[in-house]
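Here you go, one structure.
In this document, chain identifiers A, B, C, D, E and F correspond to the written order of the chains, with residue numbering beginning at 1 in each.
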Amino acid sequence: MRKPDHKTGRSAQQRRRPAAADDDRNVTNLRLKPEELTPEMAAYFAKCEEKLGFVPNVLKAYAFDMTKLSAFVAMYNDLMLAPSGLSKLEREMIAVAVSAHNRCYYCLVAHGAAVRQLSGDPPLGELMVMNYRAARVSERERAMLDFAVKLTAEPWIVEEEDRARLRHAGFSDRDIWDIAAVAGFFNMTNRVASATDMRPNSVYHAQAR
Amino acid sequence: MRKPDHKTGRSAQQRRRPAAADDDRNVTNLRLKPEELTPEMAAYFAKCEEKLGFVPNVLKAYAFDMTKLSAFVAMYNDLMLAPSGLSKLEREMIAVAVSAHNRCYYCLVAHGAAVRQLSGDPPLGELMVMNYRAARVSERERAMLDFAVKLTAEPWIVEEEDRARLRHAGFSDRDIWDIAAVAGFFNMTNRVASATDMRPNSVYHAQAR
Amino acid sequence: MRKPDHKTGRSAQQRRRPAAADDDRNVTNLRLKPEELTPEMAAYFAKCEEKLGFVPNVLKAYAFDMTKLSAFVAMYNDLMLAPSGLSKLEREMIAVAVSAHNRCYYCLVAHGAAVRQLSGDPPLGELMVMNYRAARVSERERAMLDFAVKLTAEPWIVEEEDRARLRHAGFSDRDIWDIAAVAGFFNMTNRVASATDMRPNSVYHAQAR
Amino acid sequence: MRKPDHKTGRSAQQRRRPAAADDDRNVTNLRLKPEELTPEMAAYFAKCEEKLGFVPNVLKAYAFDMTKLSAFVAMYNDLMLAPSGLSKLEREMIAVAVSAHNRCYYCLVAHGAAVRQLSGDPPLGELMVMNYRAARVSERERAMLDFAVKLTAEPWIVEEEDRARLRHAGFSDRDIWDIAAVAGFFNMTNRVASATDMRPNSVYHAQAR
Amino acid sequence: MRKPDHKTGRSAQQRRRPAAADDDRNVTNLRLKPEELTPEMAAYFAKCEEKLGFVPNVLKAYAFDMTKLSAFVAMYNDLMLAPSGLSKLEREMIAVAVSAHNRCYYCLVAHGAAVRQLSGDPPLGELMVMNYRAARVSERERAMLDFAVKLTAEPWIVEEEDRARLRHAGFSDRDIWDIAAVAGFFNMTNRVASATDMRPNSVYHAQAR
Amino acid sequence: MRKPDHKTGRSAQQRRRPAAADDDRNVTNLRLKPEELTPEMAAYFAKCEEKLGFVPNVLKAYAFDMTKLSAFVAMYNDLMLAPSGLSKLEREMIAVAVSAHNRCYYCLVAHGAAVRQLSGDPPLGELMVMNYRAARVSERERAMLDFAVKLTAEPWIVEEEDRARLRHAGFSDRDIWDIAAVAGFFNMTNRVASATDMRPNSVYHAQAR
């Protein structure tokens, strides 16, 4: 609830250090020396630069060890970009709703931008970040997000009736695997990011607003 | 963690209904007929239009009853705009950190915009929405936010040592009241907004990005 | 489960300092100098003295700032005393059930007394303080309390089906607003009271037992 | 926060059914036929009548099986009445603080009355019911209550440093056992009472106010 | 998810001190001198030696006070061994599922062994320890375990519809009492064990695997 | 707390269907047709058969898609088997403590066995499953487990002081990454396993007891 006249006090604030000041240089709070990129990874980084205009910080964070970086990239690309019964936007919506439960700054910034971009609908990105339950999404999307967030919050109570709800919403068994795998993956990366204070590329903030 | 090539599947998505489609018309999920504005409230709405370019939806939501609207406006303006040991930005930071705990869509959108605007630093707004603990704020700001969020999450365990931490960070007893009062106020409005599915003016989304 | 013979050890205990010893003098743990009462507030305090026999401590707590006191009184009186589809007792029951979730000593003492008094039924006051679910109330009252307490505990999961349950129990949209507003208000005051260690007037304890 | 003029609406409320109407007849929600009391238990019930003026409902609830009743009475009397480094009042304070965490109506009513009576200080009973952290108790009492409530809420994180805190507050190893045993006992009875909707004797409500 | 080649690093590990090294000698972390056993308790200990081959550590822990030991044994034997509509295995399953919620090492080890032994099915014991919801048990058993664990986790929300679910699954009112009493009892002993760091007899670990 | 005489009722129980009856055939609750193994994966499965005597069910679960299987195996083998400042046992201890928080049946069975085997100390495996806080491990191990479990339970509150505690316990920045990565990985697999009702190979239960 914001209302008129926010003017006062501004000059003091303008002297604050920008919140994302070092985020593009100090990607994590751990001092880990980058390894030399393998040719495959160098090509991948080049492709990022070309398509996105930058290399996502998470890749730089993993670049201290080429085996880890390659394994991460292989799993990520399969999960988020390979053919699936879930659209890319649906997978990004899961990514953000899971990351919102886990309050992961890195993933919310990076994948919130992806939702805005893929959907062409900036408020949809905000809704996934803030409270997916407030979004007016389809029944299919709602069932998918409910499953992913329940699996995030209390995996031990997920049972057959939860899978039944997904099937009822039109998802196949393979789709259920994919929902679980994407939700699981972000439960992993959320924790790696939080454990290391991983910072998102500052460019994400203004994307697709 | 977003990486190259989000292109496919987009055309399907572009046909989605925009997430904020009706937010400027259907402000809540309750059907409550607006009362005629009192002259004082009419003048206030006019001032909003003039300064902000729009009337915040929360005011429209309360406009079914002039007594309630006036009481809300009086308390809001005193808390957020009157002189205080807390800057306006600090009060907005509390508003957003509290609303993030409560995952209140309305307040996060409206006051997230206020933090971006007052600070001139869009990522600071995102940090308050996503996880204030990831923000590199001053010790004073951190103490203030920790108190406000603890008071939100578990008010029953707030005790003298919590107040002592605020005093140690430089806050006066009057400042402590103001932190508590702002945090308390958003614990109220978060619940009124969630209970009624209150929707923020769509214009906030693009502000101060 | 209490059983015979509690006699021993008593003399030692009788020397304990009474638990409410200073509650009527040190209303909060903050040192805030009272402002001079405005004529309107002076009249209101006098009316309290006349009708209740005392000025509720919360009013004294706010009396360091007349703007804040007036705003609080205006909102409180509208919510709790103005005409509404909810009876005064219903509003007080919400106040206590919410305050019980938040374990707010001040509000439980003051509003627990109000429930005892308005209902003429002391155990009803105890039930609201201890566990409203154990009370044998009407379906309407139960729906109202369930909504208020869910809104208190996890506002982010309150959705259309929760409002539907209230409508099904006979509440109008305006009633839903009032339930939300009262529950929200006590979520505010519970936090102001906890943040400041606000103490209830000791006279409440014996009222309407 | 209660203020003047609660008069209106009262006549409607006075027609409500009293909240404790059947509590002295329907002690639980289970239909279990009382067994004939053994001579030992008959004598014990007679002693209750003589000293308290009534037989506590919990005893009537167990009276469907003399073995269970005797085992309960033996354990209860040892824990709460036998010599211990903890005073009877301290044991009752633990009983109430634990029952408040578990929101057990039966135990809060019965043992809240015991705290009021043993201490001669009604507000102390209220504080144990509402939020023991708001009570101005001795460091010894606070350490004892903190241990009992932590053991109630999250027994799996109680460790050597928790015991050390009790020793530091002056408790012996035997005292630690007694604190644990009393806290444990009420974690049992709270659950038996909640599982069966056990109702307290209505006479407790007005005792020692 | 374990896969090939766990060989390396073993020699280092073999030098670790065994995890249960002192568990048969230092039964708790409290120094409490054993009392002389009463003839009745001496006979009971002898019976344990004869039938089990050892005296359960919990009995040694209580042996500092014969009144407490006798009361504990009387209640335990009635609850777990006396005739009941619940089989001994069912009562042990409740014991383990409750202790798993409370993460009580002593009770999980001792009663996990009991489930393995009584059922003749070692994985059933593991399922009760790890997540009873993953076990493919009968509807009756599932209803019983759901009730016991809900009563453990949030006793304050157990109500008539929970009892109704048990009745629907074929349980009598007396059975409901027994489920509640067993669940309650382990909520007590779990806390006594955690409070005192009670260690299980090491012999349990290999039993009935 | 188990005591003498568990004999009665056994014959009835022996007719129960074994709890792990189908676990080696129906690995998950999803119907996903296995793809033909790639030569690389066929060789890996053969190596499992040779070294372990069986192919872990998780591999069979992923075998419906060779890209997913390969990515999983690559990440798993790097994390759990490649050189690291953490011993293989330490990594398995993290796996189990994390899986215990998430109550994941598959991972607790498979990795509990690994802890028993690598340590040569069966009770250590039980402690990791039941409550790692009850284990008498080194300060280094405790710090590692505390970090991993906090990161699992509330990743959003992991901050610099948590990393500082690890450094103080002797861990390097690379070690911190590895702790986070292993904890993160099991937060992923726990959820995939729970989402699909993945069942562990029954052979694990009796291993290294």
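Please note the rule applied: contacts are C-beta pairs under 8 Å (C-beta built on N, C-alpha and C of every residue); 3 or more make two chains touch, one makes a residue touch a chain.
Just so it is clear, the model here is predicted, and its values are computed rather than measured.
Touching chain B and chain C at once are the following chains: A, D.
With each centre defined as the average position of its C-alpha atoms, the distance from chain B to chain D rounds to 43 Å.
If you average the Cα atoms of chain D and of chain E, the two centres end up 26 Å apart. In chain B, 103-104, 131, 156, 159, 189, 197 are the positions where the chain touches two or more neighbouring chains simultaneously.
Interchain contacts (touch definition given at top) occur between A-B, A-C, A-E, A-F, B-C, B-D, B-F, C-D, C-E, D-E, D-F, E-F. Those residues of chain C whose C-beta lies close enough to touch chain E in the complex are 131, 133. Residues of chain E that touch chain D in their complex: 29-32, 64, 67-68, 70-72, 74-75, 78, 82, 102-104, 147, 151-152, 155-156, 158-160, 162-163, 173-174, 176-177, 179-181, 183-185, 187-192, 194-197.
Every residue of chain A that touches chain B in the complex is listed here, in rising order: 1-6, 8-10, 12-14, 16-21, 23, 47-48, 50-52, 56, 58-59, 73, 76-77, 80-81, 87-89, 92, 100, 103-111, 113-114, 117-124, 126-127, 129-131, 134-136, 189, 197, 202, 204-206, 209.
On the side of chain C, the complex with chain A involves touching residues 156-157, 159.
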